[in-house]
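As written, the chain order gives the labels A, B, C and D, with residue 1 at the start of each chain.
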Amino acid sequence: MNKINVTVWNEYGDEQKEKSVADIYPNGLHVTIAGFLNKDGGINAKTALFFEPEHGLTDAVLDNTDVLIWWGHRYHDNLDDRIASRVVERVRRGMGIIFLHSAHKSKPFMLLLGTSGSLSWREAHERSRVWTCSPSHPIAKGVPEQFALDCEEMYGEPFGIPAPLQTVFISWFQGGNVFRSGVTFQRDNGRIFYFQPGHETYPSYHNEHVQRVITNAVKWANPIVKAVSLDCPNVQPLEKI
Amino acid sequence: MNKINVTVWNEYGDEQKEKSVADIYPNGLHVTIAGFLNKDGGINAKTALFFEPEHGLTDAVLDNTDVLIWWGHRYHDNLDDRIASRVVERVRRGMGIIFLHSAHKSKPFMLLLGTSGSLSWREAHERSRVWTCSPSHPIAKGVPEQFALDCEEMYGEPFGIPAPLQTVFISWFQGGNVFRSGVTFQRDNGRIFYFQPGHETYPSYHNEHVQRVITNAVKWANPIVKAVSLDCPNVQPLEKI
Amino acid sequence: MNKINVTVWNEYGDEQKEKSVADIYPNGLHVTIAGFLNKDGGINAKTALFFEPEHGLTDAVLDNTDVLIWWGHRYHDNLDDRIASRVVERVRRGMGIIFLHSAHKSKPFMLLLGTSGSLSWREAHERSRVWTCSPSHPIAKGVPEQFALDCEEMYGEPFGIPAPLQTVFISWFQGGNVFRSGVTFQRDNGRIFYFQPGHETYPSYHNEHVQRVITNAVKWANPIVKAVSLDCPNVQPLEKI
Amino acid sequence: MNKINVTVWNEYGDEQKEKSVADIYPNGLHVTIAGFLNKDGGINAKTALFFEPEHGLTDAVLDNTDVLIWWGHRYHDNLDDRIASRVVERVRRGMGIIFLHSAHKSKPFMLLLGTSGSLSWREAHERSRVWTCSPSHPIAKGVPEQFALDCEEMYGEPFGIPAPLQTVFISWFQGGNVFRSGVTFQRDNGRIFYFQPGHETYPSYHNEHVQRVITNAVKWANPIVKAVSLDCPNVQPLEKI
């Protein structure tokens, strides 16, 4: 059985500039994420970065990507529109994509979902509790009914997303907010998962349950069909007219 | 314009037996609910009770019901199966139905949704915050982004419901839980809304926002089409075979 | 890897009474269906029949069933309510279920979906064309964009079902009708697929594409989680109240 | 009660260049559509055209638009990206939008839905039958179970759209195809309806049922909430952290 080829894309800005981030993710959070994914025998994870040519997302890289993971924050507006369109086109043809945390305002997220991605937010060192709403969803396999993250950035409702295919997780925040923190979508042949945990100043990607969710999501988003044409063919009738 | 005919159905058990309930709803919570609904010029609300003949839900009563509101708790299993089926059949033909609070385990709820309605719960005098996730849904019209209920029974995820058409409200609970507290469904021609607030020992139905939600839900659930046949007709071809 | 245990349930009435049916399915259509499923190395299919004790669906049988396939027509109303409830309860706990053709009016279908299952119909030896609407759905894997069945019973819209999770197939009928012929649902932990082809007087279950769809559906409906409790636990707070 | 302000946007290219189109829509199909809408006492419909400054969609025009109707075909790629973004932003804030026929490849459609909008097509003077799948949807009010269009362009599945909120209509085509021809979506606060009939060389917008569907859709898409901010506010905690 072939391994699932994953590309973990990261801005890799904060880790290089902020000591508080570098202390948690010394080589960048993309390395942490690719690292725990590669512990799974069925996954082959590599990384790509904003500052690389073509943002690291050349056609050659995407040809070898079954599932793309996206972490961005500061440079959303600086992403080349052509690369955003290229990613969107790949998802439509079947590539899976997992948007993490602040990716809710990235160009590919907004182009694929069509909504604003708006939400309320707060950095207040507060506890978050991630609740599993759909315990039989493949992304929830092996994830407990509830787990706590002692510090997370608060993201709160109303969340500007279309009605999800399924709401897998909803998060509770100490300061009084709630958030649909794990939601699935599909666009043409491509499966999409958004997952809220992962503020750069907190160690969420070192949490075993967060790692389990992302690993499961990679397997769920692995395409059934890829490289399908999305043209509009002019076809002959099958029956006499 | 005709008024919307609402029947507010209640077990009316606890109010008569428990002083703590009677203090809040001296005439039964059905009277409170019908009372605030009748302040709306477009609604004509009456009541029906478990202990009445045919549980108060005769064909004559249902013939004059556009939207049925259901509050039950102790006597779920004692409801006559024929009356449960009658209610279900009416919803399929177009009658709207609003399930309140503990109605998540009532026979009509389970027959219409097909799921267990399971959830976790706790009576601990804790604060709940109801968050509006779909601010442009008709049921959320005039409802603030968030409102607090100082005491509510906790109902927690995972909630055993099918994926809702739309998730209008999600509730936060002080003790660390979350709950999809306002969700819509449709079964054949009938619209269905479930709303979590309303434990009998707390004054939630006196809260202005709860009243606004239920009033909005009545208008939303008012049938577009009613008394449609649900037979399976044997039909002739429209085209030559 | 364990095989998926499938039980193919059939009324097995028409095959024994009608020569036209027996000519196509001499040992009953359950034997044909179990036969092609067992050609897949990952599936272990057995059969169960209406006239067996407990309709062949004892607890022991269901303990060893990952996915149940249901074909019924004449005896819908004669099914013991206790067996219908037992099947529904198993689906809620995680067992997959595939409803074929006329099962749209069976007790388990109606109890799980909550709708009437109503549709229009016609037996007129007409051609049907099954179109794949969701080519990347696991149930459509290896199924062509469209395939024809030279004779099928017409089932037509409006179809009394809830909005499906995904509409995988829509059928065209020669006489001018359309039908959502392949639709998915979930109830608690159990996955549900309805598939229209399979009138007893036509050889649809001998068609390679129909066989591919049902085989795929078995794999899709194989439970992620099974035997989960659906109680309503009284729980302690996680946070100080 | 205020009237619903509708802007009917049209490329108005074919009507001026092709006699076959001008014969059916001598003043442009936008005038036909605005004309039948204005027969409804609750609607005030105006028009806007591709060749006008800012494609006729200035901020002043959109400030006075509750529901935008979109018909385009030849000039999809020539639409100014800034105007496409302006329309998308308005929909997110609450403006309703109805995409007709070939608008499935327009920039606003693709930006809002996120999919390719791909489909198969054929101009063969064939009959189409529009089936009502959701008879109790407001858009189907007063529309028969089925109506025929003697000539329509065939649009066929698979249709590259996200799973709709509700599938209101499915069309049958004489040549053997089917198509989800009436589907609803929501993006942030804005309601979206796509409707297939309306090829420029056929008189579909003179058909009474097509007119009924579009008139109903305008009322359904009329915003509940408008001009809501879609910012991401930094908020204070409601509870002690």
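Basically, a residue touches a chain if its C-beta (ideal position, glycine included) is under 8 Å from a C-beta of that chain, and two chains touch if they have at least 3 such contacts.
Just so it is clear, the structure is predicted and the values come from calculations on it, not from any experiment.
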Neighbouring chains common to subunit B and subunit D, by label: A, C
Angular offset of subunit A relative to subunit B [C-alpha, multiple of 5 degrees]: 180
Interface composition of copies subunit A and subunit C: same or different, split at half: same
CA centroid of subunit A to CA centroid of subunit B, Å: 36
Distance between the centres, which are taken as Cα means, of subunit C and subunit B, whole angstrom: 31
Per-residue multi-chain contacts in subunit C, two or more chains: 129, 135, 146, 156, 163, 165-166, 174, 176-177, 186, 188, 238-239
Touching residues (chain side subunit B, partner subunit C) in the complex: 88, 92, 105, 111-116, 118-122, 124-126, 154, 156, 160, 162-163, 165, 174-177, 185-188, 230-239, 241
Residues of subunit C touching subunit D in the complex: 129, 131-135, 145-146, 156-159, 163, 165-167, 170-173, 176-178, 180
In the complex with subunit D, residue positions of subunit B that touch it: 94, 127, 129, 135-138, 141, 146, 148, 165-166, 174, 186, 188-190, 223-225, 228, 238-239
